[in-house]
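Here the chain labels run A, B, C and D in written order, and each chain numbers its own residues starting at 1.
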Amino acid sequence: MNNCTKIKVGVLGATGTVGQRFIQLLENHQHFKVAVLGASANSKDKIYKDAVHWLLATPIPSDIANMKVHACDDIEAFNDCLIIFSALDASVATNLEKTFRIKGKAVFSNAKSHRYDSDVPIVVSSVNSDHIRCVQDQKKMYQGGFIVTNPNCSTTGVVVALKPIVATFGIKEVIVFTMQSVSGAGYPGVPSLDILGNVIPYIGEEEEKIEIETKKILGELSSSDGEQPSSSLKFNDHPMFVSAHTNRVPVSEGHTICLSIKLGREATVEEVSNVLKGYHKLTPPENCKLLISEPPLHVIDYPQTPNRPQPKLDLERGRGLTVTVGRIRGGSYQGGGSFDIRLTLLVHNTVLGAAGSSIQNAETCFKFGYIQ
Amino acid sequence: MNNCTKIKVGVLGATGTVGQRFIQLLENHQHFKVAVLGASANSKDKIYKDAVHWLLATPIPSDIANMKVHACDDIEAFNDCLIIFSALDASVATNLEKTFRIKGKAVFSNAKSHRYDSDVPIVVSSVNSDHIRCVQDQKKMYQGGFIVTNPNCSTTGVVVALKPIVATFGIKEVIVFTMQSVSGAGYPGVPSLDILGNVIPYIGEEEEKIEIETKKILGELSSSDGEQPSSSLKFNDHPMFVSAHTNRVPVSEGHTICLSIKLGREATVEEVSNVLKGYHKLTPPENCKLLISEPPLHVIDYPQTPNRPQPKLDLERGRGLTVTVGRIRGGSYQGGGSFDIRLTLLVHNTVLGAAGSSIQNAETCFKFGYIQ
Amino acid sequence: MNNCTKIKVGVLGATGTVGQRFIQLLENHQHFKVAVLGASANSKDKIYKDAVHWLLATPIPSDIANMKVHACDDIEAFNDCLIIFSALDASVATNLEKTFRIKGKAVFSNAKSHRYDSDVPIVVSSVNSDHIRCVQDQKKMYQGGFIVTNPNCSTTGVVVALKPIVATFGIKEVIVFTMQSVSGAGYPGVPSLDILGNVIPYIGEEEEKIEIETKKILGELSSSDGEQPSSSLKFNDHPMFVSAHTNRVPVSEGHTICLSIKLGREATVEEVSNVLKGYHKLTPPENCKLLISEPPLHVIDYPQTPNRPQPKLDLERGRGLTVTVGRIRGGSYQGGGSFDIRLTLLVHNTVLGAAGSSIQNAETCFKFGYIQ
Amino acid sequence: MNNCTKIKVGVLGATGTVGQRFIQLLENHQHFKVAVLGASANSKDKIYKDAVHWLLATPIPSDIANMKVHACDDIEAFNDCLIIFSALDASVATNLEKTFRIKGKAVFSNAKSHRYDSDVPIVVSSVNSDHIRCVQDQKKMYQGGFIVTNPNCSTTGVVVALKPIVATFGIKEVIVFTMQSVSGAGYPGVPSLDILGNVIPYIGEEEEKIEIETKKILGELSSSDGEQPSSSLKFNDHPMFVSAHTNRVPVSEGHTICLSIKLGREATVEEVSNVLKGYHKLTPPENCKLLISEPPLHVIDYPQTPNRPQPKLDLERGRGLTVTVGRIRGGSYQGGGSFDIRLTLLVHNTVLGAAGSSIQNAETCFKFGYIQ
């Protein structure tokens, strides 16, 4: 597919940290081409390289550097785009994303605004891409447009690690304990005076998001009773209990997360390890093959040394699309207690945990034929 | 008490990070005077300021700087000391501490070597100073000598925060998640290449220590059946389940720890908060008044802002002898699950979590008349 | 002097990082009492503890925590204050400080706004407190009011270290290389994404400030020819050449600065070392005795170990009022080149480099009788 | 060239940080194949992946992971290698490198041991690859063997930035001020307790190395008078004065270095900028084309934004083989003083500053026909 026949996409919030990741990851994409950049009013009409405080170690793609930036609410400017990627703050995402949907656009959003809508899915490609079929209902309602969200960055890592476990053994309860990097807070984000040599044991609304989103993603999308005219599909949360402790640590990129898991049925540590070890070797399921142009080798990596995963050493596995797990062990050393399994995972919070999952979701929709 | 009548103490491992804290905290102590310094053979006969890589922001006390360093196994050198503080590595502590005990010394140790001995207590002054009475049995056995240990640094913070809760409501289970500073690993300790901008989700043996020590400290010291001639007192572990995840973060000093707690009986978040809020206002119990010359105002501080405690802001509360708690909330936002309470705590790992607790234990023994 | 008879002072910019230092350092001051707090309009009428994002490890002084905050331009609110300490941004300081001066106030400012005015001195107490006498000219012009500034934080450290050298040997040229902490940029200041594990080799206007201010402070204040009616005293810059490279490093507090110095006359490294070694032992000159209630022991410390000064170990010397120097050596190892001496210094940028010097200047004026 | 016909190389010190870089950079090299791994005696006979504490974000090359490690002094083990790359500590490098030379090997060394030998060059490929011709003299002396060193990591960056300037304008004097990352100190290297949130203003022998090596590299290699039978070529140091201040900062990788330069003849800032701007566009000179399989685009990059270069953003330019310069400006803002130009540069200390330059030197020798 040459540049002329690629699908044109717009990026909302293109100058922010997640917006920058969209632009970086979409460079040379097989099917999509960034055609319109949207940002806040004060970036309007600037060229991109002047409007952005570029924070990535790779340079701004040369075809993007000199593109003009539009205001995000200049809806007409995005007319030629079939796909809208949203890296907006929730405060403005709520209405803008709805506007683009009613204009018939396929909106893939990192914002939390519509995650909990009854007709909008929260999707991580390797976990619940079957939930994407609910966009058919949206398309009927909104003139062909729809919104697909991806979860909060921590939740993304959690659900990837839990997926093979819940599928094989079931899960009754999970305690999530995060050590999150500062890039998760955007830019300027966390002031250096707050975090250099420090830990901040609080991230606003983060714990609530993890608890809610994990259950929706790992839940079922089922036919409703058909009485509601506007929707024939319904999300049923997974009944597991989820509880989270979230913390900010002085790391630039990569969220490290510890889990304590109560399984749905008895299983040994070895059995659980084998399921996670085996998982990374699987061919990704049919519907998540299109992983940002070329698939990562593994959905999950499991380096079997006791002190892994680490952000410094494991962040770039699978170009940031792989979740690394480690330290799979029993619930306690002396036995007993509520939990069967402990493990640690690492997720690249701005790649798989943000822009990367949005793009994977667009790829899935493209493959399913939801975007024409 | 002037310098002449103070009790002479020896410090083993005086050049290490914990040894330095002993020397710093004992400067101008009301009852104790550092009289002999012990270190490894290659520091032998050097003067202290040349043997030590001093890492504290306060200067080496002037009366210590030019003292000669002895080899730790030069037992005779410590003849005049009634008290031995041990900041030794476990590898050498096991035998050396026993040797000093059999010489009739009161040994207060940070090493793990004897923590799990059936006749040695693990004591945090504000938590279980009643366990100290078991030294009477040791004194009979070892010609007046005895060993009192203090727990691993993380455990110290955990048991201080749990004490008022277990005393009021009981505790069935606790999950411990730590974010530990590099000073806990001594010097040279953690290489900077491993930890700058990174998290290491593994600390050797740390999780096991937390699980075992918490139960011993919060357990009971009771009369045994009297059949054993050598011991009339026996430690009964608290029956709670304890499970830990331990992590190293790029912080210099101060361990931040999240807890999920299942109570022994039903209680509201408010009731638990009130017990912790109230606790810090208590006069310290009779037997822990002698807190390094002058008592800290609070055993526990509870700043009621949502983003606390933080190492940067709360480490020095009570001169490092106070544990700061925060974020007391329910077990999950949506209800249900195994736990009733979540909270975060901060402990100064080299003050209260190491040398400080050893000194407080010596003060308690001094007050009880176990040291003459 | 009890609280009733202390001089009332107002603090402008009281919620910022330098404002917080003023409040911390003035707690229990012998002669001054913080009576009015000024901040920006959106803090107006809040109580201080709610308006401030307190960043210091010591708690907010209890008598300040519940004081009402006034808008800085509510000039009447400061009527009872003889002294105004200004921690304002230059953008608002320019006019506000003039307004307070014309109201007869003694204004001590950290802002750069008036540093280069021909009738305003830039003063570091131990370096050029004789320059303060120029306030007599201001007092005549402005109804008893005057402005005294202290220099940029890096310059403060530089002039303290250069003072004994220039006084003894003269200085022809100095090259200044800084490694500055993030607290110098205020709050929120430097985003953590920019500085974690990174160096930023640029600080806006900082190099220019160092070059200009060093020459003014080390210059002479002399009688002018008397033809200007408004002023009888005139600043003559020191003729030395000054050139600076300024850099931001991931350190919270404390600026580390390397100097290459060309002396005015030949001298050995030993002679220069002796002058700096000797300097710290001097009784501070008569007119800088009042160093924030009690004098620091040393204006300059010179720990003679090769790897000092370091922010972590030397920052708190003299309660942040002492400059630490180290590594005094020749201009190059092979000889030759433009410079005679290299050395490294450390200055506490928010204590001596900001609020501390302002307070010392107020103390000097108080002692000289310029404040009644 | 397939694997069978590639030149076999040995790596001494293969488990250290520089050794790891050799192995990483030589993976898939066009002409060289790592055939033998050498390390200290306690790694002997282990397989590589068990002997190494791998610190790079890319995995151990699969063909290396299971190779057996030899003791470095097991000379026979390296018999089949034409090339020896040395990442040894100077303490052992001195004799071992001589031994391999006398065995006829082409030794490319990061160690300082032989840098100052009168018949051994210090070479950075893009700067002074003409110095390599002196190996002909060594080959005559040592049965075909020779040693080529590359400079200290900081010096490497300095000479690359100075080369176009000295070639065009001449240089009389340069002041070097470094902010060096911890990877320069190897592993375990700098303890985290020493550097977290800190600056260490001293690196042993580093300043001397910069002063001496810069002058040798930028000097001339000329015919001597021919009277010495063992050598027909002689190094003449460049007569510029060099003076250095070296500092360690909490950065993992990448040395940031400020320079003050006195030119040999008058030139404007614009002229100097143009020479540096132009330089990076040049085709690398004929004799340094073989830059680790494929040349980097630029020897020097000059991003013209005021706050660059930065380790975080510019380290990976040219795969770590490009030096980034920035902030080219006059010697001072007010004019006057000894220096004409100030600038800042960044060098990847373990790629171009260590293993990368060694490999480029081997490539140059290979191209020149010195290795058969």
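One rule holds for everything that comes next: a residue touches a chain if its C-beta (ideal position, glycine included) is under 8 Å from a C-beta of that chain, and two chains touch if they have at least 3 such contacts.
Just so we're on the same page, UniProt names per chain: A, B, C, D = Aspartate-semialdehyde dehydrogenase.
As the structure is a computational prediction, the values presented were derived from the model and not from experiment.
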item: Homomeric contact chain B-chain C: same or different residue positions, threshold half; value: same
item: Inter-chain centre distance, chain A versus chain B - centres from mean C-alpha coordinates, in Å; value: 42
item: Chain B and chain C, separation of their C-alpha mean positions in angstrom; value: 42
item: Chain centre separation (chain A, chain C; CA means) in Å; value: 48
item: Multi-chain contact sites of chain C, meaning residues that touch two or more partners; value: 55, 194, 196-197, 250-252, 312-313
item: Chain contact graph, described as a line, ring, star, complete graph or other shape; value: complete
item: Contact set on chain B toward chain C in their complex; value: 54-58, 196-197, 252, 312-316
item: Chain D - residues contacting chain C, complex; value: 173, 175, 177, 179, 194, 197-202, 207-208, 211-212, 241-245, 247, 249-252, 256, 258, 260, 262, 306-312, 326-327, 331-334, 336-339, 342, 344
item: Contact footprint of chain A on chain C as seen in their complex; value: 17, 55, 182-183, 187-197, 250-252
